[in-house]
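The structure's right below; bear with me while I get my questions together.
Chain lettering (A, B, C and D) follows the sequence in which the chains are written, and residue indices restart at 1 in each chain.
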Amino acid sequence: MRLKSTTGAVLAAAALLATGACVSEDTNEASSDSALSGSGTGADCTIDETVKIGAVFSLTEAAAFAGTYQQEGLALGFEELNAAGGITYEVIQEDDKTSVEDSVAAFGKLIDRDEVSAIVGPTLSNMAFTTYTDAESAGVPALGVSTTAEGIPEMGDYIFRASLPEEVALAASIPAAKEALGLTKVAVLYDNADEFTTSAANTIKDVLNDENIEIVAEETFETADTDFAAQLTSVLEAEPDAVILSALPGATVPLVKQARNLGIEAPIVGGNAFNSPVLVGALEDASEGLIVGGAWSAASDTTGNAEFIANYTEKYGRAPDQFAAQAYTAAYLLDQAIRADCDANREAIKDNLGQILEYDSILGPISIDEGGEVTQEPVVQIVHDGAFTLL
Amino acid sequence: MLQQLANGVFAGSIYALFAIGFTLVFGVLRHLNLAHPAVFTAGAFIGIEVAARTAIPIWILFPVVALFGALAGVLVERIAFRPLRGRDDEHFAGLISSVALGGVVIALLQARYGTDPQHFAADYFPNRLFEVAGVRVTLTQLVTLGLALVLMLGLAWLVSATSLGRSMRAVAENPTAAKVLGVNVGRVTAGTYALSSALGTVAGALLALNLGQAGRDLGASIELVGFAVIILGGLGSLWGAMAAGVVLGVAEALTIHLFDSTWKSMVAFALLFAVLVLRPRGLFGHVKVREV
Amino acid sequence: MLAGYDALITTIALGAILAYSFHVVLMAGQLSLGQAGFASLAAYVSTLVVPTEPIAGSISPVIVGLPMGALVGAAAAFVVGLPVLRLRGVFLAIATIASAEMIRVLINNAEWTNGALGMRLDRWVTFDFAWAVVAVLAYLFWRLGPSRSGRAFAAVREDELAAGSMGVDVARTRMASFVASGAIAGVYGVMFAYFFGRITPVSFDFSLTVSGLVTAVLGGYLVFFGPVLGAVFLGAVPEVQNALGLEAGWIHPLVTGVLLLAVILFLPGGLSTLFARLRPAPARPGPDYAPLDALDPLPDPGTPLASVTGLAKSYGAVNAVRGVDLEIRAGEVLGVIGPNGAGKTTLVNMISGLEPPTAGEGTVLGVPIGSRPHRFAQAGVSRTFQHSKLFERLTVLDNVLVGTHVVSRSTYLRRLLWLPSARRDERRALALAWAQLERVGLADRAAARPGALSYGDRRRLEIARALAAHPTLLILDEPAAGMNHVEALELAGLIRGLADDGVTVLFIEHNVKMVLDACTRLVVLDFGEVIAEGEPREVAADPRVVEAYLGTEHEESEHV
Amino acid sequence: MSEPILEVESLKVAYGRVQAVRDVSFSVPEGGLLALVGANGAGKSSVLAAASGLVRPAAGRIRFQGEDVTRRPAHRRVAAGLVLVPEGRQILGTLTVAENLLLGAHRRRRQAAPESEMYDLFPVLAERRALPAGSLSGGEQQMLAIARAMIARPRVVLLDEPSMGLAPKMVDEVFAVIEKIRASGVTVVLVEQNARRALRAADTGHVLETGEIAHSGPASELLQDPRVVKAYLGVE
């Protein structure tokens, strides 16, 4: 390493020559393919060429619990759209293996080799922070369906999300819980090794501050932990009115279970990651009274929700969760953007995706602004008799 | 405080259960079997599936799971370790081959069970809460602790008093001498793996029962703490693993109680590091520091 | 042409850099797994110094981060190494894993690192930059391989005891590999940070360690580009699976796992096994052995070289050596004989530093008894072993080249710059090594591995290796064991020739005829004590010696 | 002359390319005592290792009780009654004396306390039965090693350097035990460096040199043969 400056420069040049100097092509040019623009508008739009949509989700390793639902939801959405006719979509699915390395490689492949019109994903915000810089510089619209961290749409003009930011979900569920339960002092428990949960915990603390709710205990754990009795004992001793939890699904079940076992009877309030039927199935009685803020509810009577749940369950043999619902919605949002000008070129999608106003989705009315940020009404649910019900 | 001590003991008993299978193989054969966490995870999934399909009571379930585990152990040895025997990089290569095999096992679990965590039916093992001298304990915790003790005692008895145990100790100390005495080293090796993996799968199923669910990362989540436990206890020392598991559990609980939960994860490794530097035999071990 | 592959190719480069940090410790036989911690420290610290704008308009600002990262990684490795390098094998592995985990928790809890939320950085690392770093690393390892330092690494990996006896400072070599590993891990951390533009503590968790180790072992350490092989393999497998139309999901890790298993089980040296055979056979240097004349002269005959008194060694209740007094003078050929278990090997082990005595004192070539083996070697003691300790994965020639360690100068840094003086020094070492191979008659086997040699040839190779150190005192532990009479006779001739050249020889032997042929003085040990000493033929005729050898005498009928 | 119970035919043993045994053939009649003598490294131990199944021969054949056992694993040879007492004793130091013996009695687990009969033969072990074997003296460890082999009720015992490193008095005791074993009808193959003692005890002897049999004959003749002495000391 000592020789970096001299030998390094020579070798760098050599390496460049060896691998071909054709890499620095300008990818940001607004190349437009006339075959991708069709005739008609809106529902009548027909495009002859198959429209390729890339999808990057975590299908294996840690975040596969979410990624497989997203894969299925997105596939279902485009299947329905293809059946409706006019435009034929092809989803090119990549697995980022819950790793930054693979997500970057997957984006590279979709952008340059498959030349997709838009990309849905990735599953985790952590990877989005890296991959979206590539999407932005290549001029490929990217639509996140679970990237809830702060600052993601601000990464560029081509970056959008149809995933309710965690702070919005929490900002809704905490006041709702406060109103319903009369909270004055709470305990906050969060996973401080994970970025998503830590970020959510910061929002939680801000919201609690705004709502004048006192934090009587604050405890942390790590993603891989399996035993939370020691933290919960401290929580128990603080006698909170409610426990606000920011955890990934893997830790949520044991946490709630152990909390109930230890005799914590206070209501437990959580965010986006709680919104899964698997959770209720695993917890059964212990899930009673959980308050969950999120983007979608199986109990909502939003447009098409009942059919979505029925079709999904029939096709995949399991009930959908919020991840599936959001990915499903993404398919329709992209379709909207493409049909607006009947143009599936990247630029057109970018221009139109940022102008979706009040689209009536299974998540309820949803809009995406020019900045790429989503606006939708969060749903606050409470688990009652083993099912999510609207609070 | 008393509650926290109890919390520590219960958490530690799970650590110990994971670690004894691990340390057994190392003690007898000097193999660090990194497929153990995957087998542990498989134990949880198999336990859940068998319980769901057959509705057999829990005291029959665990022996059934152990049987699967024993089979898995024999396969791990056959696939990942036996082909390497006698090679001069046997131990390095064994680490990698067992990592690879562990990855294969996890992939197979995903193929069979998908990505959703699996769980026992809630009424499979009705949980009950007891309060003794102000300390709350659940039936699952008591069963876990009890089973951990029974398995430990059983294993200790097996190793000290049975012919298989004697053969295992003979192989551990001097494989050549054991061979000369007519010990079937191949069978003892397979037996050690079978035993280790049987313990691992039972521990996995037990942890799943405790947690209320099992994901594919169940074993990976406990792997590093498992390393800490086997070193603290002294590599190859069964009682050491048990004691170290409990010591670690209690140390973590007390850290949370007295300091701050953010430092909990530091405890295991700081303790481990200190012990390795100051007393490489481990707190309780008498095994010599050996080459791998 | 590379469109769509550059991200993949860059991640392969990063994987190779990470693997190099494991490669360097594996080369020295150390299972050290703390790299993830060193990488994360370096990555975080580098964010404090890397400028936000390109330097001079076009140079990637990461160029500032790399030396910083290397420094931080090396320093962290040194600090961790001080206490843990006493440990070996799995203990070292777990201690280093613990150090990485502690660093992760510290970073996760620190304020300036932004905890689990991590940091966002500019993505300054392009794929050509990444491959330039790989090229530099590959260059460093390419030049290291056939240098004196590279051979020291290999010797420590193959056999620490033998390496020490050849004058390699084992502790320093291990530390050097550890620190180099930390430095490369640091470079990796910085590259990671500025390629992905994002660091969180979780980026540097245990799975990073596993993937680095897997890549390094998969690639193998038989060739300097092993890590690149490993990284390319792991990068290409998913691509091939995609090309074959395998659906993303569980099938991918399954196939990768099975392939990895197959490589480990069937290619013992990893993928590098496929390339190791391509190495050219060592060439015989020109007839110019002139540089050998520059070697230090040996002491004049009669100069006292070693003197020990009351030397004793016990293992628990067993007294292997009990109170031996011994003097060795320059120019003599001293034979040590005695039945099995008499303590002969233990005695020479103490004289060459392999074992500390339990009692007694003295010096050998000025080095006090009880010092570490490389000190004796550096002073001019060189030895062979009863059960030959050859470096099995090195060639015959490389084995002997390791022997030149104490009489050659470090060439690595100069080799990097292609300085002529380095070439000269390596040529000198080569000339010295070839001279020894020719001396023992093994020159035509220079490219072979020791495993391919006959028993007698292995013995001769060990002697050649010991002689390459230009020793003042040569210790031979049963050099003729397993040789036939003809070979033993030749060996005796060789030893006498050495004595004529001024080398002092101490040798343990069972073949008494050979001892009588070669020795000027004979010491007989039995039960750890000297039972006879003096002129060889007189000593051999001593009834006590005969009895010790052939067994106790009850009847007086069998005179020898 | 009775049928040979153990036959070794053109045995070759190699470790890698190293030929330790080049071509050795011999046979032992039932109840006989054969001595293999020779200098260090002559290949004596390798012959026994091959005979007992510890190493696989590169070539050649080993027949025990008329059956070819060349490819049979070590533990099955022990079960059949072919037992090795290895060089350097190889007792298991952390196990107790009784446990060491029980390991030898592997095949007789139905019998209660099979080790007790050994205590009659080796009274010194009876006193130490509960101690870790590592705490015994060298001679006692050798006795334990022999007892551990005898408890398997072997038909042939292969003894590798039983006198190595022992004080002369202990050597006498070991040879006394060998006599007893022999008297009980068990066949013995004895590898020794202590050639005189070995040949005095044996019926037949073979002198090994660099992996080959250099001389053989009735032990009493070899004992007088100056070439044997020469093989050791190289002096006339």
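Quick note on the criterion: contacts are C-beta pairs under 8 Å (C-beta built on N, C-alpha and C of every residue); 3 or more make two chains touch, one makes a residue touch a chain.
Everything numeric in this text was worked out from a predicted model, so none of it was measured.
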Subunit D and subunit C - chains in contact with each: B
Label of the chain whose CA centroid is most distant from the centroid of subunit A: D
For subunit A paired with subunit D, centre-to-centre distance based on mean C-alpha positions, whole Å: 74
Interchain centroid distance [CA atoms averaged], subunit A/subunit C, Å: 51
Mean-CA-position distance for subunit C and subunit B (Å): 35
Length of the line joining the C-alpha centres of subunit B and subunit D, rounded to whole Å: 42
Touching two or more other chains - residue numbers and ranges from subunit B: 107, 110, 224, 262, 265
Overlap residues in subunit C, where contacts from two or more other chains coincide: 108-109, 249-250, 252-253
Pairs of chains found to touch, sorted by chain label: A-B, A-C, B-C, B-D, C-D
Residues of subunit C defined as touching subunit B within the complex: 26, 31, 83-84, 86-91, 93-95, 97-99, 101-102, 105-106, 108-109, 206, 210, 213-214, 217-218, 249-254, 256-258, 260-261, 264-265, 268-269, 392-393
Subunit B-facing residues of subunit A, complex: 59-60, 62, 64-65, 67-68, 192-193, 219-227, 229-231, 233-234, 249-250, 253-254, 257, 261-263, 278, 281-286, 318
Touching residues on subunit D, where the partner in the complex is subunit B: 52-54, 73-75, 78-79, 83-86, 90-95, 99, 102-104, 106-107, 109, 148-149, 152
Interface residues, subunit C side, partner subunit A - complex: 1-9, 11, 14-15, 63, 66-67, 70, 108-109, 115-118, 120, 123, 126-129, 131-136, 139-140, 183-184, 187, 196-198, 200-203, 238, 247-250, 252-253, 416
Contact set on subunit D toward subunit C in their complex: 16-20, 39-41, 134-135, 137-138, 161, 163-165, 167-168, 171, 193-198, 209-211, 223-224, 229-230, 232-235
